[in-house]
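Presented below are the structures under discussion, each in the form of structure tokens.
Both complexes below contain subunit A, partnered by subunit B and then by subunit C.
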Partner chain A sequence: MLINILNGLVYGGLLYILAVGLVLIFGLRRVVNFAHGSLFMVGGYVAFAVAAYGGFWLALVVSVAVLAVLGVVLDRLVFRPLQHEDPIATVLVTFGLLLVLEDVVKTIWGKDFLSMPTPTALAGTVTIAGEIFPVYRLMVILVAVLVAAGLTLWLRASRIGLYVRASSVDPVTTGMQGVDTDRVSAVVVAIGAGLAGLSGTIAAPLMALSPSMGSFILIDSFIVVVVGGLGSFSGAFLAALLIGQVHNFGVVYIPWASSMIPFLLMVGVLIWRPTGFAGGRA
Partner chain B sequence: MSLLAFRDVDSFYGRAQVLHGVSFEIGEQERVAILGRNGVGKTTIVNSFLGIATVRRGEVEMAGARTRRFRHFTAARSGIAVVPQGRRIVPTLTVRENLLLGASVSRAGAWSIERVFGLFPILRERADTPGTALSGGQQQMLAIGRALMANPRLLVLDEPSEGLAPVIVDELAEIFRRLAAEGTGILLIEQNFGLVRRVADRYYVLSKGAIIETGALAGLSVETLKKHVAV
Partner chain C sequence: MTSASVPAAAAARRPAGRGYGFVAGLVAVAAIGSALPLLVGSALFLTLMTQAAINAILATGVGFLVRQNGSVSFGHAAFFGIAAYVVALTLKHAVMPAELAAIIAILLPTVLAFALGLVIVRIVGVAFSMLTLAVAQALYELLLKWRELANGDDGMAIAFPARVFGVDMATFQQPHSMFLICWLILMAVILGLWLLARSRFGTLTLAIRENEERARFIGYTTVVPRALIYAVSAAVAALGGLLFVLYNGFVSPGTLHWSLSGEALIMAIIGGPRLVWGPALGAVIFFFIKNAAGDFTDHWPAVIGTVLILVTVLMPRGVGGMLVRLAGRVGGRRSS
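The block that comes next holds the complex of A and B.
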């Protein structure tokens, strides 16, 4: 039971790191990034490639950095020009990006499943309430908690955090105060993409790498964003915890229905609160 | 040097032209009013240098630099702070955070959050409540305080009296006079002549997107007032 809860937290943690990036990018650019799952996947592959030479920790740093840079490029070439366009245009373009990124990865690494070893320092297990649990999985939970705490602190206590919160609500007024909101957005998209790289990297030792690994987690991330309330960070955190648990209990106890359960949960929450947990802030 | 000058400016929203050859000028430490009824293009003047409306002809000079292309932040970085129509308080930020937002490109100067709190003590009392939880008058004070946080050389006030009780408008008039006396240039865009009379020295009248009259406030005729301003 406890092990199931912990495994739910692991998946919820990965979802949170991914979903909060979606929330950040949507907040600043009003773009629903369908390519976010692909960024997660690319993050995993970059980490895989670097880990073979420099080990897991270097891979982690490089993957986050590469994805952050990719984020800046995406922001300048895609999100910024699209922010005032019809939403269907952004859906099409970011969906197109998803396909392109998957093909790039297939070209470089092929279609076969790859596996990345768990870093040796975290390869052990601990015994929790009489049951064995991998240390690495505990680290994933810890990373998600640190990301949540770090982001909250950054948004609440730093000057640029203030600009981020202001621009996500009223970019024109924020700009009028002298803030270059395009630059703020570039930073935010870089962080969102970097977090996708982080999520992809720490997920890599847990799941087989494949070019389509981003697809299913992207759908769960969208569910997290919608259930949490579009644009809400704390809502995304709660929703990720919930979806992580629901997903995991579904897989263990009712496997035939497990892929349906997050959707049913989303429908239920939307009937109860049409704007999600953080209702009204969207 | 002009703090702000429009020279023969045409401004558009998309294809709709709102300003037709507008020219005016405000020098350092001047107090100037632009008068005109609703819908004549007063706010479009502000929107033209905030990068909301598009300037297609003519030029705008800001603190010595001439341009026709504006980003939202251009004016603030030239020492021009705007108290916009409708106040535009950011609803998810507290009163204190709204004020700090105003200091994002602050020049060196006397204004600090403490001094703003001294000017508007109610803002100190409500520093940690959401900005939009304030009353209309208090929100106007917040918008003015936010503009002052930038230590501007020119304060542009777009219909600051809108929706406020006369007693609060009196208070604002007093504050604008004090700011002007301390050397801040003031551009007051208004149709409330009671406020204009107490703040400005010079005026322009805007009608159908064009400046049709200008002069010293003392020489403003009753006919012009009746025709172009609500008294």
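The block that comes next holds the complex of A and C.
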């Protein structure tokens, strides 16, 4: 039972790191990046390629850096030119991008499943309450906690964090106060994309790499973002914990219907509270 | 996308006027289409056009939702696929005649969409798109993993009786005849949706799309009309699924996958969802690009992804919208 809860935390942690990037970008730009799952997938593949030469830790750094740069490009070429259009235009363009990225990865690495070894330093297991649990999975939980703590600090203490929080509550007034969204947004989108890279990298030793790996986690992270309340950081954290547990519970006990459970949960939450946990802000 | 709505609303307020022109144009396109099997002998071309017509029906459903509700669905393949699976499963277990199964195949997704719509149409904008995607993908996974029910990824071949609705099954499964059936049904769907869009109800949903709060203040309930539009667009998608399954005699979870939902949306965007007939035009263009891509079919997703990006950025009203504008300029009737 404890092991199941821990595994739920692992998946919830991966989801949180991915979903919070969506929330960051949404907070500032009011758009949803449909290519976010593809960034997760590209992050996994970049890590796979680098790990073959320089090991896991170098792969982690390179993957996050590459994705952060990709984020800046994304902001400059997509989010910024489309900021005065309907948000749906950005959705459509990032959806197009998703198709292109999946195809590029398929061309480079093929569509067969690839697997990445667990880093040797974390290959062992520990015994928790009489049951064996891999150290690597504990590290994933730890990384998610660190990301949550780091982001909270950054949002509370830094100037850009202040702008992001202000903008996610009321973008118009924030703009009138003289905050230059364009200048802030490159940093924010870079962080969001970098986090997708981080999530993809630490997920890579846990799951088989395939060009479509981004799609299913994108859908779960959408559920997290909507259940949490679009644009809410704490909402996304709670929702990721919940969806992680529910997902894992489903996979273990009712595998054939596991995909339906997060969805039913989402419908339940939306009936109870149409704007998600955080309410009112969506 | 709200900016393009004024001409549509104006057209809805004028029931006469261009109305006859639209119907005449539709009849002409229906007639030209009907003549195609006689003019073109190539079975390959007719196969392509039959696929285009079936997908055009799905895309028309997706586009109608954009037009009336301003909502972009990333999950309409779910209704397409449910319709196909209803036929497959009811015929496999021989619980009802094929004709009844065909009717249920349309009704069930419609009712499901209405119930779901009551919950999710309250979510507007981008979140709605995310939800529709999540719903459809959950259903896809269910059909993929519940092997006892639907045979998983291998799909199901369907044993149709020799005659359905008094028509020889072969009629449905040969491109010559099936193209004609699908094309005429497509035209009927477009005509029906066009009439619905011009009706009081259609105008009301446009008003809700423009400003839900204002519509509520002047005394309309807004959730039910939006859910009804969602149900209508799902019914159209389900009709596409029914024709698909009649034509192919086979169904797999791919019919619910988001890549099909995405393709239908892309067709709608290419053609221009502000026009009832836009998505159908988009579907035909889509299949011609696909055909022309030929050697690049391995990289088809990248090709269509690029087309989507270009159309969204350069031609936000789609090819249809551009044609209307050109026609307006030539005729000199329209200022916008």
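In this text, the second predicted complex is superposed on the first by the 271 of 282 C-alpha atoms of A that agree within 3 Å, B and C clash if a C-alpha of one lies under 4 Å from a C-alpha of the other, contacts with A are read in each partner's own complex, and residues count from 1 in each chain.
The rule we apply is simple: contacts are C-beta pairs under 8 Å (C-beta built on N, C-alpha and C of every residue); 3 or more make two chains touch, one makes a residue touch a chain.
Computed from a predicted model, the values in this text were never measured in an experiment.
Chemist: Does subunit B (first) or subunit C (second) touch A:216, or do both, or does neither?
Modeler: Second partner only.
Chemist: Can A:260 be said to touch subunit B (first), subunit C (second), both, or neither?
Modeler: The second partner, subunit C, only.
Chemist: What residues on subunit A does subunit C touch that subunit B touches too?
Modeler: In subunit A, no position sits in both the subunit B and subunit C interfaces.
Chemist: Flag every residue of subunit C that touches subunit A in the complex, lowest number first.
Modeler: Going through subunit C, the ones touching subunit A are 1-2, 72, 74, 116, 119-120, 122-123, 125-127, 129-131, 133-135, 137-142, 145-148, 258, 262, 265, 269, 299, 301-302, 304-309, 312-313, 316.
Chemist: Of all residues in subunit B, which touch subunit A in the complex?
Modeler: 50-52, 71-73, 75-77, 82, 84, 88, 90-93, 97, 100-102, 104-105, 146, 150
Chemist: For the complex, which residues does subunit A have touching subunit C?
Modeler: Per the stated touch rule, the residues are 26, 31-32, 81-82, 85-89, 91-93, 95-100, 102-104, 107, 215-216, 219, 222-223, 225-226, 230, 255-260, 262-263, 266-267, 270-271, 274, 282.
Chemist: For the complex, give me every residue of subunit A touching subunit B.
Modeler: Checking each residue of subunit A against subunit B gives 159, 162-163, 165-166, 169-181, 281.
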